[in-house]
Amino acid sequence: MTATSLTYFAIAAAQGAFKNVTVSERTAQAFADGSWILAIVYIVVALGGLAALVTLSGLVLIYVERKLAAHFQCRLGPMRVGWHGIFQTVADAVKLLLKEDVIPEKADKAMHLLAPFLSMMATVMVLGVLPYSPILQITDINIGVLFVTAVSGFGVMGILLGGWSSNNKWSMVGAMRAGAQIISYEISATLALLVVVLFSGSLSLAEIVQSQDAGWWIWRANGVGFVSFIIFVIAVTAEINRTPFDIPEGESELAAGFHTEYSGLRFSFFFLAEFINMFVVSGMTATLFLGGWMPFHIGAWAGFNGFMDLIPPVLWFTGKTSVVIFLIMWFRWTFPRLRVDQLMYLEWKVLLPIGFVNLFAAAVVVLYNLYPFPILVP
Amino acid sequence: MGRVDFNDVKHETRTFAGVTVPVSVVPRFKRQAYPTRFLFSLKSLVDGMRLTFGYLVRPSTVVTRQYPENRATLKFPERYRASLKFKFDENGYQSCNGCGSCERACPNGSIILETRKGATGKNEIERYIWRMDSCVLCNACVEACSFGSLEMSHDFENAVYDRRLLVYTLNRYAGPTANVLLKEENLEAREAMMTKIDAYGGQVPMNGYALPTVAALGTPREKAATDGKGEAS
Amino acid sequence: MTVRVRTLDELLTPPAAGSSALSTQEYFVNMGPQHPIAHGSLRLVLRLDGETVKEVIPVPGFVHRGIEKMCEKLNPRQIIHLTDRLDYLSAVMNNWGVAKAVEKAANIETNGRIETIRTLMSELQRIQSHMLWWGVLGMDLGAYTAFLYAFRDREIISELFEETIGARLTMNYVRPGGVMFDILPDFQEKVKKLLKYLGPIIDEYDTLLSGNVILQERLRNVGVLDGKKAVALGCTGPVLRASGVPLDLRKLTPYGRYGDVEFNVAVGSKGDCWDRYYTRMEEIRQSMRIIEQLIDSIPEGPVNVLRASARISIPEGTYYDQIETARGVLGVMLVSDGKSPSPYRVHFRSPNFNNLWAVTALAPGWRIADIITIQSSLDLVIPDIDR
């Protein structure tokens, strides 16, 4: 394959595939054209796709987590069910489904039943606005970033409710910890995210991805982007309650934290929500800082860029998300957990001031066009 | 690393209770300015992550042994204690004469010896009962045996669904020791001295025998023989 | 000094709620007997104000097996196997404690080989025990990887025990008048290999956990136990030494071969969780030093000066001897009537029982998470508390 043909592919890809058409836009178009059946097909495909994504990514992530954990710890991990235990999560899921759903007698039953769904719902709603590829996005809201922040903050409701309604002191402590932690770290995450919004000048996730055409914000934003990337990763790790910030469910302190009293299907909802959350925040990190589905380009290397364009955008998105997921898992299998007051210290006395300074610096950079490195627009 | 220098162990001597004791005072935290502290903290985190990553990328460091897939290659040290066994010579004769020193050495009554007067007038063993359900594998019986009749075997897969199945009869025959048997040249006479006992007896290792706290399990024949004994009654 | 003794019921009476609508109420939570942190069945009743711990009331006794009473029916040789089940992580040392008391009572002289093997095995087990503690501390604080690394390396020592003794945990190795088995011909070589392996591994532990800023912050200045208080509570072992009191029976009343070897007693300066943590890490290194010095100087001789069937008769009287286990001083008191082969009364002064009560002094004022840290840093083995 010659360089010319590669360039040709690149141009073709840039013109055709990179145009944003979301599923909701297609549906609206179909409605406008009067083809109801097509519109319904689109809706069904979107919903089915979301459901498939939730299930599949949950299963895959749990398997990957177990395998990674094992190899970090000089173990093999699941090896029995299927080749290298590949169906272990499926077996576990079946086991969880078949288990008795115990509801404590003194629990607030309605709330106890509702909580896992609230937790799950918040997660799934974010999945709807993530741009997986130019043509694979359920809907693009013009205030997408705001939507994500608002909805993911909603997930804490499920945790609080679950902990409170269980009528168990450990659950209660866990839920209160979770509330304090998630709401605190939301601030830092938002501050870091605003930096990207400043640079890209848009709140729409699709447009944020498009704005990284010339380079990903993690390095194109001259340092501030990198700092906000680090803050964002730390903050979202805390938001999804993973080690070193897993104090709401810290198993050696609170038995199992807010989901102590949950079992069977309802427990698996919390469990799954945790893993989907990890996918969501990693996807967000990839979208905001690592160019989303944008291929990796280096300046004027047309051949290299063209080759990179050949890789489908979905793979780019998945790859970048996987890197962040790996990072978060790596944290978990290396670090001990923080104490609740240290967690607050880290947020309010370390991350928040740095976040504010960083946001201010970003504003200055954007306002006065202080880009030390030239930005290469293809 | 971090704020602690691990090489900073202070070696001193202290006098305590009239004895001069050389001590190593363990390192503590150094005062560090904020930026240094921050950087050192970050470095300590990165160091840890590098260490775990090193293990992740080297599959040769995996130490998992996959039991039971590796059953064929499973090796035990010679002295490994997993269950008690009788030693038999090449003819299948035992050297236990029922002296009872193991029974006395056993700290929790896991060994019950039943003897009888043999044809030669000597004491000989009728049934050697070993209760694995109460045995702690302390090796005291093997140590106490001055005839080398007992040994610890490596059979460790002893899980059963009924603890009564953990009561074993160790001897294969009731009768005299190898020494006594070998003096008798006539094979038939030898056989006559021995009463066969099914050593492990399949599902019924006690052969339907009942003990004070362990009821009989087993065949109707044995049940009839031991009716009225054991916990079931 | 007067001590006000309160009953458990009295302790657990919930305090009245405040009058104002915004006032908070203290509450009680059971940590254990079934709780992931309890390394056995230990019940800690916590009086909490939000996350802050007001009071800790330990309620031991869930694993009480009446070992002391059982000893009254057994002869000295049989008693040994029960001591495996006190502090199961220092089985050899517990065995030795009883053997030492019996030897003192019955006037049995052992030889150099026996004492060297006992010392070597004890130090190996001290390393093994501290390694397990290190891993468990990591796990309690959320670093699960540390736990598995510790088990991976502990396995090497376990296998060494398995080869020499035939068991990994409840070894029943030291008998009155000797040890049960002689060491194998390749034992020395294997131990040397082990030491060579352990050096870098302990440094690795320092990189993974000790150096980690999160762990340091979790341990630093948490649960400060000053020397006076530690002595008053009867703490021994690394818990006491971390408070700066160099009480180590291996130095104060050298037994075995400890008098012949050079080693330092690891002590702390402040008595917080960090000092307790690093005192043990230093003890691992000192134990390695002891083994290094002894491994090439094992004298020849029989490994048991008594016949296995010899009757050990303890003359009438009360005897006490003590030994430094991985967790502190194990005292063994034997009362013999001089007639029966089994002692009239046996009492164990177990290190963990006294160390447990340090938690009541250390925990108040700290958070729930710090209870975990404090309890881990005390390195409690529950069967040893209850006996």
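We call the chains A, B and C, going by the order they appear; numbering starts again at 1 in every chain.
The criterion applied here is as follows: contacts are C-beta pairs under 8 Å (C-beta built on N, C-alpha and C of every residue); 3 or more make two chains touch, one makes a residue touch a chain.
Here the structure is a predicted model, which means the values were calculated and not measured.
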{"item": "Chain pair, B-C or A-C, that carries the greater number of C-beta contacts", "value": "B-C"}
{"item": "Closest chain to global C-alpha mean, per-chain Cα centroids", "value": "C"}
{"item": "Centroid comparison with chain B (C-alpha atoms), farthest chain", "value": "A"}
{"item": "Centroid distance [mean C-alpha coordinates] between chain B and chain A, Å", "value": "52"}
{"item": "For chain B paired with chain C, centre-to-centre distance based on mean C-alpha positions, whole Å", "value": "24"}
{"item": "Chain centre separation in whole Å, for chain C relative to chain A (CA means)", "value": "46"}
{"item": "Residue list for chain C, restricted to those that touch at least two other chains", "value": "145, 152, 208-209, 212, 214"}
{"item": "Chain B: positions in contact with at least two other chains", "value": "45, 48, 51-52, 63"}
{"item": "Overlap residues in chain A, where contacts from two or more other chains coincide", "value": "72-75, 333-335"}
{"item": "Chain A contact footprint on chain C (complex, rising order)", "value": "27, 29, 35-37, 51, 138-146, 148-149, 152, 208-209, 212, 214-215, 217-218, 367-370, 372"}
{"item": "Residue numbers on chain C that touch chain B, as the complex places them", "value": "74, 77-82, 145, 152, 155, 159, 162-167, 170, 172, 175, 180-181, 204, 206-214, 216, 220, 242, 245-248, 251-252, 262-270, 274-275, 278-279, 281-282, 286, 308-309"}
{"item": "Contact footprint of chain C on chain B as seen in their complex", "value": "1-4, 6, 9, 11, 14, 16-17, 19, 21-29, 40-41, 44-45, 47-48, 51-52, 63, 76-81, 101, 105-107, 136-140, 143-144, 146, 152"}
{"item": "Of all residues in chain B, those that touch chain A in their complex", "value": "45, 48-49, 51-53, 55-56, 59, 61-64, 66"}
{"item": "Parts of chain A lying in touch with chain B, wherever the complex brings them together", "value": "68, 70-76, 79, 330-331, 333-335"}
